[in-house]
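I'd like to ask some things about the structure below.
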Amino acid sequence: MTVDFPKVPHTTKIRNVRKNRQSAITTFFLNLMRSWTGIIGFIIILILLLISIFGQWIVPFDPLLADFSKKLLPPMTGGHLLGTDQLGRDIFSRIIMGAKISVIIGLSTVLIAGTFGTIVGIISGYFRGWVDVVLMRIVDVQLSFPFILLVLVINAIIGSGLRNIIISLAIGGWVIFARVIRSEVLALREQEFITACVATGVSKFGILFKHILPNLFTPIIILSSLQIGTYIIAEASVSFLGFGVQPPEPAWGNMLNEGKDYIFSSWWLITFPGIAIMITALGVNLFGDWLRDTLDTELKGE
Amino acid sequence: MLDFIIKRLIQVVVVVLLALTVVFFLIRLSGDPTALFLPPDASREQIEEYREMLGFDRPIYIQYGEFMVNAVQGDFGQSLRSKEDALPLVLSRLPATFQLAISALILSLLIAIPLGVLSAYKRNSVFDRISVALTVLGQAVPSFWLGLILIYFFAAQLNILPSGGAGSIVHLILPMITLAAYSVARFTRFTRSTMLDVLRKDYIRTAKASGVPTIRLVGRYALKNSLIPIITLVALDLGTLLGGAVITEVVFAWPGVGRLLMQSLMNRDFPIVLAGVFIVALIYAVINFIADILYAYVNPQIRVK
Amino acid sequence: MEKILQVKDLRIQFNNGKENIQPIRGVYFHVNKGETLGIVGESGCGKSVTSLSVMGLLPQKTSEIVSGEILFNDRDLSRLTEREFRKLRGNEISMIFQEPMTSLNPVFTIGKQLSEPLRQHKKMSKSKIRETIIAVLKQVGLPRAEQIIDEYPHQLSGGMRQRVMISLALLCQPKLMIADEPTTALDVTIQAQILELLKNIKRKNDMSLILITHDLSVVAEMCDRVVVMYAGEVVEEAEVNELFDQPLHPYTQGLIQSLPSNNKRKSKLFSIQGQVPKPSEIKEGCVFANRCPFVFGKCLTETPPSFQKGKHISKCWLQDPEEMEVKRIGESSTVIS
């Protein structure tokens, strides 16, 4: 005799992740069109990505080429849109190339910190027990130390450079992911459809991969998009303080660090890289806020 | 309540000790600092002699044990450069950091809470929209850059405020504004959304049905309900403020712990770094501890059992 | 009999940014001095919106009274300014809400919250306020009123909180009290106590009571007269015995039939087929037409007026004297969905 189990009922709160791809993309743009802040954020991010991919072909000057005969030219002189710095390098070109560094750092950090934090969060939230206790103690301890200071100290100790700043940021950043994902997993575990799975004899890993992981997609995306801005500003701060990305690399924080000595004579050195950081952070934040609001209502609304 | 306080105090101690441990090992694993004290052409014997003198030749767990035993007694050794005692040096810089951080905190709360409340009260008005736009912008501006811009305008161009240093209240103005800016944006935004949340609650409707005027409803009732989440956020953000203080201190050459810590990191002057980490972790843990107590005080569901 | 409240042809419109909907369309009823009026209907039928409009508590920016009057002692409430309304609220008209658990502010003591109507409406000294509060707390049957006044809501049970809510509504001795599902969120045993309390208080203080509920047994227990609402309209109004003995509107008949009765224990529970139309789906014709077992042609094209038979009013074409001969149950039971 076979017993017919009822189909696993998906509670209304759970988003059906395997939607038609086409419709998901259409929905994305339809939602985006409703919010002008979301559109602005999206456009800024799009421009940023395009610049960081194609930047090396659109820069008017070599961003690393020093020419003392042209040093500290104000904007709009000698073909230099945003002027030149103390070594005669073209600031516009440097800012364009700096975008790439910011994007690489933001994305790599979120990838590393996000992956590691998510794994820890899932282990903690799904398997509970002493593992959970130990991991969450570690998270608590780390969260009780200022993020930017932690990144600074780690970076100062392990040394500067692009790779090391990413590592430092990731070490500082994974805890947020672990914390949030853990609480998401805990909440999901309590959902009726998971209980139903357990009751129908689906294995622990089956539940984890088929039911819990897909539903973590949304919180991970939201959190990642909100964190990238933090990472980009943190990197700029660390580089500004003389750690992080080192000269002559045209990181925006770097440029501000070098430019600050000329603040009384050449304002453009400190103005434009800062504006670049601000617009980038603004775009990422706006987009992240919009994404959170949209996906949140989607979660609640259906 | 006493149980709660004791539990939290133990947590403070654990956090501080763990922070020290992690930084200690990070430093030791990152390389031998002896080389930094000697000229590049120092002979092998000289290096060895120096290592022995500083105790870097012994096994790391003995170094760690000795360090921790001394650390809990407040002895972090001497600065590798100036030979001053590390902890007293850090402590001597503490008042300046406190002055900066507390004044920035007060400034940001004084601006953010009324602004957020008013924004929620006049929801969707022009005032509200401008305030929301400013907070979004404020959260995107890196504080060190804001500091540079302020220096440019008020010191370089207008020449009415000093660009750095300390000594008088005038010196405090720019660093204070720089440090407060991000918090103002964040707190305003949060106050607004919390107030909007609270204003939708059933008990606000009850108060309204009792004939309470809107001004009193917002300023007296909803505000007190909002204070619980606001205090929580402010406590969580004090770390960011403290971190921001480090950067602000460097920008304005403000003689606080942050600037000292930065210089020591640059010079790999590790006794001072460790003493600095110790102090920062301690302050942060204590602030969180106070915030928890404050939280319990505002929330009668915790206070009265 | 003196009418303390008259609602005439009330029409309310909500605007949610995209479209206008009218959750209340042409609502008509009155409350006599000293009586208990029950307003019955399913959730979403507009009974709460009606009561909130009497209290002036509808959200100001998104809602609007399109037409009609709300006369309280011959004063039109729908035209009052916020300031004038405030003098009325908690003073001459007061309200008890459904959720005692969330209707009290968690960060203020009971005494602080109860002092508010007195502060706003009566000129009293602090000690007099305290005295009055303790007296009222005792009146609603709360033990150790002297201590409770300094306690916080979370220290009280649900039933006690609802008593506190009642005393809050009672403090200024209002002429009209509106109770919106006052017992729905409570345990069954507590429900009976609270209803009994409301009954006594109403009698002692010589006030009128509007009792909003979806529960017909509460109505039978408490009310003098009943208004039945469906999808934003009043479909029937009658004295309570009349309504239960001789319901005229098919919706009311359905409601009464769906009450589980003691003598037909084994019979299948009756339920009205179909669903309440959303306010945006309301078309011409009778609002109940899509669920009515007696529906016929006219119901779908023309909105029925209110037919009056003595004090019994119903909004159904079957009560039209001209249609009486058409009424043949069974023949026209095509249900339009």
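For reference, chains read A, B and C in written order, and residue numbers begin at 1 within each chain.
To be clear about the criterion, a residue touches a chain if its C-beta (ideal position, glycine included) is under 8 Å from a C-beta of that chain, and two chains touch if they have at least 3 such contacts.
All values reported here derive from a predicted model rather than from experimental measurement.
Chemist: Quick check of your reading of the touch definition: is the inter-chain graph here a line, ring, star, complete or other?
Modeler: Topology of touching chains reads as a line.
Chemist: Report which interface contains more C-beta contacts, comparing B-C against A-B.
Modeler: Answer by contact count: A-B.
Chemist: Please compute the C-alpha centroid of subunit A, do the same for subunit C, then give the distance between them in whole Å.
Modeler: So the centroids are 52 Å from each other.
Chemist: Using mean CA coordinates as chain centres, what's the gap between subunit B and subunit C in Å?
Modeler: Taking the mean C-alpha position of each chain, the two centres sit 54 Å apart.
Chemist: Mind checking the centre-to-centre distance between subunit A and subunit B? Centres are C-alpha means, answer in whole Å.
Modeler: Taking the mean C-alpha position of each chain, the two centres sit 23 Å apart.
Chemist: Among the residues of subunit B, which ones contact at least 2 other chains?
Modeler: Where subunit B is concerned, no single residue meets two or more other chains.
Chemist: Specify, in ascending order, the residues of subunit C that touch 2 or more different other chains.
Modeler: If we look for residues of subunit C contacting two or more partner chains, we find none.
Chemist: Tell me, which parts of subunit C touch subunit B in their complex?
Modeler: Spelled out, the residues of subunit C in touch with subunit B are 55, 57, 61, 82, 86-91, 94-95, 97, 99, 102-108, 113, 116-117, 120-121, 151-152, 154-155, 165, 168.
Chemist: In their complex, what parts of subunit A are in touch with subunit B?
Modeler: Where subunit A meets subunit B, its residues are 37, 140-141, 144-149, 152-154, 156-159, 229, 233, 236-237, 240-243, 256, 260, 263-264, 267, 270-271, 273-274, 277-279, 281-282, 285-286, 289.
Chemist: Considering only the defined contacts, which subunit B positions touch subunit A in the complex?
Modeler: Touch list, subunit B to subunit A: 11, 14-15, 18-19, 23, 26-27, 30, 136-137, 139-145, 148-149, 151-152, 155-156, 163, 239-240, 242-244, 246-247, 250-251, 261-262, 265-266, 273, 277, 280-281, 284-285, 288.
Chemist: Considering the complex alone, what residue numbers of subunit B touch subunit C?
Modeler: Listed in rising order, the residues of subunit B that touch subunit C are 124, 201-214, 221, 224-225, 228, 298-301, 304.
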